[in-house]
Amino acid sequence: MFDYLTYVREGNFPHIWCSGCGHGIVLKSFIRAIDKLGIHRDEAVMVSGIGCSSRTAGYVDINTLHTTHGRAIAFATGVKFANPKLHVIVVTGDGDATAIGGNHYIHAARRNIDLTVLIYNNYIYGMTGGQVSPTTPRGARASTSPFGNIEPPFNISGLASAAGASFVARGDVYHAQKLEKLITQAIQKKGFSVVEVLSPCPTAYGRRNRMASPVTLMEWLRDNCIPVKKYEKMSEEERSGKIRTGVLIDIEKPEFTEEYRKLVDSMQVRG
Amino acid sequence: MAEGQPASKELAIIRVNVEWCKGCEICVAFCPKDVLEMEGGKVTVARLEECTKCMLCELRCPDFAITVE
Amino acid sequence: MERYEIRLSGSGGQGLILAGKILAEAVAIYDRRNAVQTQSYGPEARGGASRAEVVISDGEIDYPKAMRLDLLLSLTQVSCTKYAGDLKKDGILIVDSEAVTEIPQGDFKVYRTPIMEIAVEQVGKAVVANIVALGIMTAISGVVSEESMEKAILARVPKGTEELNMKAFRMGLETGRSLVAG
Amino acid sequence: MPDRYAGRTMMMQGNQACAEGAMAAGCRFFAGYPITPSSEIAEWLALRFPEVGGKFIQMEDEIGAMGAVIGASLTGVKAMTATSGPGFSLKQENIGYAAMAEVPCVVVDVQRGGPSTGMPTLPSQMDVQQARWGAHGDHGVIALTASSAQETFEQTIRAFNLAETYMMPVLLLLDEIVGHTTERIVIPDWDTVERIDRKQPEVPPDEYLPYRCPEGLIPVLANFGTGYRYNITGLCHNETGFPTNNKQENESLVIRLTEKIVAHRNEIIRLKRMMLDDADIVIFAYGTVARSARQAVMECREQGIKAGLLEATVLWPFPTEEVYALAGSVNAFVVPELNLGQMAREVELAVRCAAPVHRLNRVDGDPITPLQILDAVKEVV
Amino acid sequence: MPDRYAGRTMMMQGNQACAEGAMAAGCRFFAGYPITPSSEIAEWLALRFPEVGGKFIQMEDEIGAMGAVIGASLTGVKAMTATSGPGFSLKQENIGYAAMAEVPCVVVDVQRGGPSTGMPTLPSQMDVQQARWGAHGDHGVIALTASSAQETFEQTIRAFNLAETYMMPVLLLLDEIVGHTTERIVIPDWDTVERIDRKQPEVPPDEYLPYRCPEGLIPVLANFGTGYRYNITGLCHNETGFPTNNKQENESLVIRLTEKIVAHRNEIIRLKRMMLDDADIVIFAYGTVARSARQAVMECREQGIKAGLLEATVLWPFPTEEVYALAGSVNAFVVPELNLGQMAREVELAVRCAAPVHRLNRVDGDPITPLQILDAVKEVV
Amino acid sequence: MFDYLTYVREGNFPHIWCSGCGHGIVLKSFIRAIDKLGIHRDEAVMVSGIGCSSRTAGYVDINTLHTTHGRAIAFATGVKFANPKLHVIVVTGDGDATAIGGNHYIHAARRNIDLTVLIYNNYIYGMTGGQVSPTTPRGARASTSPFGNIEPPFNISGLASAAGASFVARGDVYHAQKLEKLITQAIQKKGFSVVEVLSPCPTAYGRRNRMASPVTLMEWLRDNCIPVKKYEKMSEEERSGKIRTGVLIDIEKPEFTEEYRKLVDSMQVRG
Amino acid sequence: MERYEIRLSGSGGQGLILAGKILAEAVAIYDRRNAVQTQSYGPEARGGASRAEVVISDGEIDYPKAMRLDLLLSLTQVSCTKYAGDLKKDGILIVDSEAVTEIPQGDFKVYRTPIMEIAVEQVGKAVVANIVALGIMTAISGVVSEESMEKAILARVPKGTEELNMKAFRMGLETGRSLVAG
Amino acid sequence: MAEGQPASKELAIIRVNVEWCKGCEICVAFCPKDVLEMEGGKVTVARLEECTKCMLCELRCPDFAITVE
């Protein structure tokens, strides 16, 4: 038994997420990761935007900051830059991070500021009742794509890499142990790190797309999430419909707050 | 069968917090030993003796509602 | 009739908002009296507790929300406990007898019946519990005609489920009638 | 081809009625970003627009949605967006642009409890001053409101007509209750709807100056693609549409943007009057609260209190003269609002001390009830 | 280590003086996005901050800058951003968040001509009502202004002190002229500057409730990282900092956000009075225009006209009582503004019909001259 | 002699750009491109944001829309979607498109809406006097990076590709003829097309970075902009400091307004 | 002295705003009287025409912009034509005689001298034309002391260019003196 | 050299719009034949006979100020 309760704000439970929502599994994986890393809870700050996923902040017993829709990364930039000693983790949704928040996302990646961003990707705007999101697959139904989505989805992870992130991974809630590892690695990484987590929304996405049951959604993850190494060995045909999971990018590059510190240090010498 | 099994093998203690359990059936579906069942919209332990303490139910419960010791 | 206020309460996913809309439509479109339906949500537009209200009147309905309830339907204990106090003197409380075990004190008539169970066992699907409830309410309240309810239900339910829903409605009507009969 | 809802009587949410009103008004472009409690407007149009060839797009954010609406409008199509408080804040810069460039469009704000994320599923009237002052810089504002689904349908049509007449963004301020209440609405045949379309130039392209204002205050902007090539900018510009540094041109532009509203206030302002002829107490109300006020007036009268209701369906420009006209003959005004007195300020400015103005404010997320208003009136009597 | 400018007399632009004031106040975090005519504030801090270990970041946009400032402030550092009209519009949503979550910070708006892109290099006072109502939802606002480089220095310090005292964003409204005028300023030794730092909890972590408000209206927010773990949200929340659906808790929060300003208005409001004792005509002015007004008063007096000046250095909360107190004894108010009468509205509300209020408005991008004010006063006399 | 004058608004000349500013050369290349394509001027719409580059709109005699800072692509999306017959060209700066406007940029690319976006990249905010931009090279000086920029720059073109653009090219004003070709190709492409144009700013960038003379800046472009084909043949060492120019991405994928049209058509059949 | 208003006008890049700042600094910091300097830009903060103003007074300077000029310096024809009308009766107009060929009519004293040429040919660098102009203005106006001007110049110009600038200033002073004399 | 050259070779007509020319020197620097020169901050044609009408000056002038025919 893992003792989650010492890490959560028990008084706020049961949490607001629907039955079978994957978000709780992400939260648990995160808790195990910080436990494993031995991060002091007073030195961890969770920053979130608005959405079901962003409600995570209310449940973890660390410093938590639930901000405005799409702006979590901007707020987090302020927290981290002002006090680089803090571990700053952003929890956000596909809509929060890549629709309204897309600009902050790519710029934080460019700057390579040491934040860990967990994107709960459920392919939908859950909180507002199921509108199409930038990750909704083509053809999928949402309340604002009642005839099937005509827009192509973002590759969230690819975008982060192109923008300059130093660590990018993809995990899913079926493979929760692996998810914990990815989150651990992401937090350890000095630099902008993203973990895109596939986390099902039975209510707003599943119901509209013939996957109303949480179990069906979990099975779908089980069957379609393929570890990078295995994926690489697969043929083009075998890959179709499959999703690569694991560490996608892991590179070394100068980190923003560190670079700024060097600038300040050099001034002290000059001055 | 008894041979080779540690004599001290204890039964798992599986606790369900029914206040928190939302009855998603994830634990039931993915228990490798079919230990769990649904009853009145909540999970219940049906075949405790089969439990291998693999912890998968605990791991995947989105609601912090089931623990295995 | 001056003003008749109904509240349907329970939890998200029980289809109470749809039920409220059907009831309002039966009254306002098919019975051609006035009806206004409102609802309330949990955080943003999602899950959690759920509540729909229908106000019925022969005159204009200005204030659209219920003030003193004529009828309260509760499918969960929480909602029953929370709202029973809003009932008028001599109002009507209808509860799912499996879910609601403690009835708050008050000057109102109480009808207990296992709505969810009827849906599952007698109709065959949990999802139609809301329609069963509509049948019960139609029989007990007398504020809406059965024909209009049928039309309204048929206009709102998904194609292919008409029969199932009609069965649920009639089951509810019967249950309601026998409850009134005592 | 008549629309499938035209001529029908239906049960609809205010938000759906808004979407239907837009369609009836000839709106064929919607760009939005979901937000409670306005999302049903977008959802309904996503479903309905393809049937009539209208364009629906969910943008990446509210700022982009507002930009897309302005861009679309310049091609001549009637365009709209809808949001709630947080999104309304984000749209302000581009709303100001539409005011400056004089681009007709409709912006719906279905108000919820604020400030900030506040109470997303509960009603308020907390954005009414923001509607007036939310964007930087001086410019005139038209903001309508509605208290029922039917009125929402009609006011949405009026919003488009005013936008096209006065060449500007028109705001429609609803609230969560109006947006989410389902009630009967009668949808007329679209042909019978009074629809105003923006003027197009009567001069040939080489004589055309977009901001010349043939009737003095309102420019005639040619639809893009019709052979009139001109420039649109949010910088201070002169009649040609190009930026200017000429002080007189700056001034006349800025003043005209306010003046065009002031000069046409009588055509714009509409009020509903209930039992005002002999009233001692005037309730000034709007939106959702006006419904309660109507009921309160009836109850006052039953109790022998001479109360009347002045209901504003246009919030901006504010009906200053109309309010003042009553001030001399009544004992007091009562202004119930789901905010901390935002329009009561305006009533006070309007009455010019001729009568006391009493406030009744509620900000807990519950609506003001008829009883509360009744009590407030009784306290004043 | 004393700063290299401390104790010096220098020539500085208002914008630089603002940056220096921030530093003297203890500000060590700036996140911004360039915009004329405010950019020199950012530029000066980009140069100066590294010397004192302050953090400077140019964000991707104004919204991000405002977010970063709030995030930084929560770690206990004094934080600021600066912008002009278009950016001020964009920041509104997050300014509202700071008001709701009660996070101290300073937002400078160096006003230029509007609306929209307007007149980017010319002065205006067109955002003063936006400062009050720009963000959705009800909440109290503190907005300061200044008319010279020296005063900008001082008001920036005051802005920080008020922000830290009342736990909220404080706005500083400058204008292009003040921002770009170079004049003498005396920078005091930083040690001699009155500096207020936000309170920190006196109870141990397990008894701590962030929004409990030990003194009734103002919460004590522990700096992140100091062992007090709590939650901050823009949703309506109770003392614990967690969202609530309790109506009473909603209400008391929303009311408190306004009440904390109303209750402390006397400590917040500051006015400068010039020759008011025997004045027949009161000029009410602020910012850049107050400079012209001072000169106008001198000229009035020379011509035997008993004019005086009431200069507001705090625009919000508005000095209603102070204005009213004068109203009984004077013949008229004259309110010159670089907008179409935005604060004149407030003066009118304040005087409660006890004296006429005359407006003098200029919106062409040129400043109001002393002569214009003199003429306006003469017309009134 | 090419007759530019019939395409420009002569009354607005001389234009406001500084002596030696590259923006005028981009404008000319654009004019030659639409001339070559024979695009009817009434059917061309230029949409711009705010910045020196965005002032381009005032000088071309087509339908022109000078919007708010960063939002040109959003406005253009409205224009194009509302009337897909129009050719919609966005002119924008590195700051306008990739700082404040970054989100609209990546989303329009994702949607693959048929816009042609010309990004005048001068590595700086020219209009506001030389603040650092998301494309300012590391170490370069700007008014807000007085000690040298510590942030890594975006690869504007790479970002567009990762987001989903169907045509991405890079050109420069020294190679003005080639630039004209790239713009021509971009306009012809049905889908979201970007041409990143390196266009020097002697005033705000050059002066601070020892390239005050327009000629020096042009020489720098001449010497460092390398056509893709040649670039590919170069060794890693040779590539250092060099910039790849030419067509970088050119792929076929469904275009947004076209997809929407299909949806509407299908409804007419259904209805 | 009551109030003395100076405007320096020309085009962007001629360093007039820096010149204005130096002049104001000389008066306000070194001469310890009051001075206020303002400027105006073209679109946003860039290029085009350029204008700096310095108002000098022994009293408080309230209104910071020039109203009636005591002295106008014009390095371009456009600026001279535009601003000459703002000169006071008996004000002083100093123009670059190469750039400004048409002097508008008016009740003011005019001093013509080839400022740019002096900078290029006698000092050796076009960029110091602004400092040459400062020298001329110092000599002609008499509102600021030479010593203070020297200090202010040295405090503002880039390291390594001090001598060049001092040379320019003195060249300007001489030119100014001879203009007054002759 | 004269051989192989068309006899009808005409001199180029190079027009400079001095109102628009901002004197950036780009045309001067990149004229392959050194035809152009600066004079008083504006460009001037110094060696017309050398001009090959390559049009590069026209192509690169940012100010629409020089044309070659």
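Note that the chains are named A, B, C, D, E, F, G and H in the order they appear, and that numbering of residues resets to 1 at the start of each chain.
The working rule: a residue touches a chain if its C-beta (ideal position, glycine included) is under 8 Å from a C-beta of that chain, and two chains touch if they have at least 3 such contacts.
Since we're looking at a predicted model, the values are computed, not measured.
Steps from subunit C to subunit F, minimised over paths through touching chains, total 2. Graph distance from subunit C to subunit D, where chains that touch are one step apart, equals 1. Ranking D-F and A-B by contacting C-beta pairs places D-F first.
Averaged C-alpha coordinates put the centre of subunit D at 54 Å from the centre of subunit G. Mean C-alpha positions place subunit A and subunit D at a centre distance of 39 Å. Centroid to centroid, with C-alpha atoms defining each point, subunit A and subunit F lie 32 Å apart.
Once the centre of each chain is set as its mean CA position, subunit C and subunit E turn out to be 54 Å apart. Across the assembly, subunit H contributes no residue in contact with two or more other chains. Within subunit G, contacts with two or more other chains are made by residues 42-45.
Taken residue by residue, subunit E touches two or more other chains at 36, 39, 50, 60-61, 63, 86, 93, 97, 116-117, 120, 233-235, 243, whereas all remaining positions touch fewer. Here subunit A touches subunit E in the complex through residues 9, 12, 41-43, 45, 47, 57-58, 61-68, 71, 74-83, 85-86, 103-104, 107, 260, 263-264, 267, 271, going by the rule given at the top.
Residue ranges of subunit E in contact with subunit A, taken from their complex: 4, 29, 31, 50-51, 53, 55, 57, 59-61, 63-77, 79, 93-94, 97, 224-227, 229-235, 242-243. Residues of subunit B that touch subunit A in their complex: 19-20, 22-26, 29-30, 55, 58-65, 67-69. Of all residues in subunit E, only 9-11, 36-37, 39, 120-121, 177, 180-184, 291-292, 294-295, 367, 369-371 touch subunit G in the complex they form. Remark: subunit A residues 50, 68-70, 99-100, 102, 125, 127-129, 131-132, 134, 143-147 touch subunit D in the complex.
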